[in-house]
Amino acid sequence: MSEPALALENLEVHYAGVPAVRGIDLEVGEGEIVGLVGPNGAGKSSTLHAVMGVVPPAVGDIRVRGRSLRGFSPERVARLGVALVPEGRHIYSSLTVAENLRLGFAARRSNDGLAADVAWVESLFPVVRDFARRNAGALSGGQQQQLAIARALVARPDVLLLDEPSLGLAPTVVETLFATLAGIRERGVSILLVEQRAQMTIAFADRTHVIANGRLRLTLGPGDAGDTDKLTAAYLS
Amino acid sequence: MRRVVSELGAPVILVVATALITGAFSQAHQLEFENALVMTAIVVALYVFIGNSGVISFGHVSFVAVGIYLGGILTVDPQTKTFTMPGLFPYLRHTDIGIVPSLALAAAAGGVYGLAVGLPLMRLSGLPAGIATFAVLGITANVLYYWQKIGPTAQTLSDIPEAGRWTLAVATIITIAAAYGYQRSRFGRMLRATREDPAAARAAGISVYRQRLIAFTLSGALAGLAGGLYVHQLGLIAPDLTYLDLTFVTLAMLVFGGVASLWGAVLGALAISALNSFLGDAENTVHVGFRLTLPTGTRLVTIGAVMALVIILRPSGLTGGREFGWRRR
Amino acid sequence: MNWGQAIADAISLGALYGLVAVGIGLVFGVMRLINFAYGELITAGAYVLAYTGGWPAPLAILMCVAAVVALALVQERVAFRPLRRMGASPAAMLVATFAVSFLLQAIYLLAFGSRGQIVGTLGQLNSAFTVDGVDIRWILLVTTVTGAILLLATGALLNRTTIGLHVRAAAQDFRTARILGVRANRVIGLSFVVAGVLAAAVSVLYTVSNPLVQPQMGVPITIFALVGVVVGGLDRLWSAALGGFAVGFVYGMFGDLLSSQQTVYLPAVVYGSVILVLLLRPAGLFAPLHARQVERV
């Protein structure tokens, strides 16, 4: 059994001494899609920030294929093959769509296959080709989300972290988005999907953890998608 | 009550001790001790605004300057003034008052200037506040250098009556007490709340603008008073006395001691003054078990290096922003 | 003094301050740091020129550039990087650059004395040529052309290269850039290198007309350029450059056309306008009207 693509071990994250994540264990296997759902302020984004090295973990460890990320800067984590699609997209609105995409190259470990990766991403998200010369700020919310994912993908990551990609998108757009994520997984990318839309995520992901008050409360599989009672109980815990 | 005794008592004792030691030294050293008292007053004035608000000000030396010019010129005998500064405003030229009244006027003028500057500027914070207050300093320095109606401009005005060390010490203690009283008052506590978390303070109904303005005005008045002390300690007004160097040195003192506490302000002022004075001596050979002679200019380099190192390695200063107390949190 | 000469003076002074403004603005964009010690880089370059007076000019200039760039990197590495790591506030960083500025001035005073050194490099550019009855010194032309070339080159570096793209991204949103794999130290290093090259260019050009080098010579240059940067708006390099140019131009014009009696309060007027701009148009005069109001100078 090889090491999981991403493993969080007893992870604790503090902001100004206040704990936001209080010891969670979580694994994302090779090519898996793992969901992480929970109410606002449950510690979802903090978990992702800790993985990316934006905030240092107070306790515990984060491993990528068995390699500890402790003390790594965000750029170093990115160059190890972890890509984050941040909440709110964080598109560079004054740069063009093509320039935003080029920024994604920064974390690539090698430029071999760059053209093929770009072509693949353009086939997933035609908008990045069609509006290449336009200012990214002029795109619609859904288009910006696509650009943000495309930008993460051209880095050729092993692990893709998505922070509430469905935020502000119409339900049909979200469905398309999830279908695309399934296609991305086909390429061997492991995905940790943080979401507020719990039911959709539970139905879609291989496994979904429910986080509340900084702790994992419950793990659900696609079969539990209709079970609102369990979920509500976990949210309120 | 015990808290007040230690928090207010410690800085006051330090100042009294400085004044007491002064008597035991030669003439040249007496001047340096007296200067340390004045620097303490200036740094405490800076602290009232910067320390409590958390907003940087590069402009406070302007208020010190007002105190220096008003406090100095009003105590010079009118005949001398007519001779040396014929362009002076008639009121400044004809008035001749004692040192203590001149200090009161210096404080009042500093406060008025502080209020006038603060009214528009207290809307700013962070970097814009730093630059705007710097611009105020630039304007003040520029006008003082050229406007003959208000001072000696590019000339040096000497023969200003000098105050004794106890006058300086008492005024410095008054400054410290005012700063302490303010920080323990309702206003001081509200301003400190805005420093910790402006959004939360606003949500609690505190007007950040008004609280900053109050502190800025008070600190302007104290800076004016300190300027009055300064001119009566030096006995002269020289061009560019109140520009970048004084701004830098006093800020260095505050940062060195710790911006966020009164104890830090006093300790920083006295410690850097002592270092300054020792290095000044060492440039002319000093005995520290052996004969030590440092090249001219070492003093400034050392002070600059100490300041830079403290900011980089320990931004909260010597005291870490805490008041004096036996129990450490 | 006639209009032709005044305009020539003003344009070249504007170009010079434009360069300084871009040097300051570039570092600000990436680090949110106003480097008050920028002028001391210019002073350092001037001292190098003063001490390499006997060398062939190209070699002396090369030495000047190398030394200034090295000093810029030392400033970043020794003083500003630790502060950035700690997450110091912009105001604390400003005080730190103030301290670095003071320290460097003190070191210059200790090392080179207060009386000043004379730079002779490129002194022949003080000779004049005549156009339409107006005597114009060569240095004015050289300054203007060099300034324009360096600004265009900086623009090309930022707009046409990958590292330039990274710098622009970092200036807009540093954290996201790092998440994307942009190396913070490299981007900051580059902006300090470019700022250093610009400072060295200013050393060379400035000392032709003002050959006396003193420990504090960089201070007024920094202050006026800073004024220009603030007036122009810090967020965009071209507006910072324009602001720097405007301040230099106005200074040059008034300095030539008004009598010295009338110009003594010019600094106060300039500072006053800075305060006005900060209060009324915090994003700068040349910024677009809808510019963001957050994190602004």
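Going by the order they are written in, the chains are A, B and C; count residues from 1 in each one.
The criterion applied here is as follows: contacts are C-beta pairs under 8 Å (C-beta built on N, C-alpha and C of every residue); 3 or more make two chains touch, one makes a residue touch a chain.
The shown structure was predicted, so the numbers you read here are calculated from the model rather than taken from an experiment.
Peer 1: Need the graph distance between chain A and chain B over the touch network, please.
Peer 2: So the least number of steps between the two chains is 2.
Peer 1: Need the most distant chain from chain A, centre defined as the mean of C-alpha atoms.
Peer 2: Centre of mass proxy via C-alpha means gives B as farthest from chain A.
Peer 1: Can you tell me which chain is nearest the middle of the complex, judged by mean CA position?
Peer 2: C
Peer 1: Identify the chain pair joined by the greatest number of C-beta pairs in contact.
Peer 2: Chains joined by the most C-beta contact pairs: B-C.
Peer 1: Please compute the C-alpha centroid of chain A, do the same for chain B, then give the distance between them in whole Å.
Peer 2: For chain A versus chain B, the centre distance works out to 53 Å.
Peer 1: Need the CA-centroid distance for the pair chain B / chain C, whole Å please.
Peer 2: Each chain reduced to its C-alpha mean, chain B and chain C end up 31 Å apart.
Peer 1: Can you compute the centre-to-centre distance for chain A and chain C, using the mean CA position of each chain? Integer Å is fine.
Peer 2: The mean C-alpha positions of chain A and chain C differ by 42 Å.
Peer 1: Touching residues of chain C toward chain B in the complex: what are they?
Peer 2: Touch list, chain C to chain B: 32, 34, 78-79, 82-83, 86, 88-92, 94-96, 98-100, 102-107, 109-110, 219, 223, 226-227, 230, 264-265, 267-268, 271-272, 274-275, 278-279, 282, 296-297.
Peer 1: In their shared complex, at which residues does chain B touch chain C?
Peer 2: Counting only chain B, the residues touching chain C are 55-56, 58, 120-121, 123-124, 126-132, 134-136, 138-139, 142-143, 145-146, 244, 248, 251-252, 255, 295-298, 300-301, 303-305, 307-308, 311-313, 315.
Peer 1: Can you list the chain A residues touching chain C in their complex?
Peer 2: Interface residues on the chain A side: 52, 54, 73-75, 78-79, 83-84, 86, 90, 92-95, 99, 102-108, 151-152, 155.
Peer 1: Quick check on the complex: what are the chain C residues that touch chain A?
Peer 2: Those residues of chain C that touch chain A are 162, 165-166, 168-169, 172-173, 175-184.
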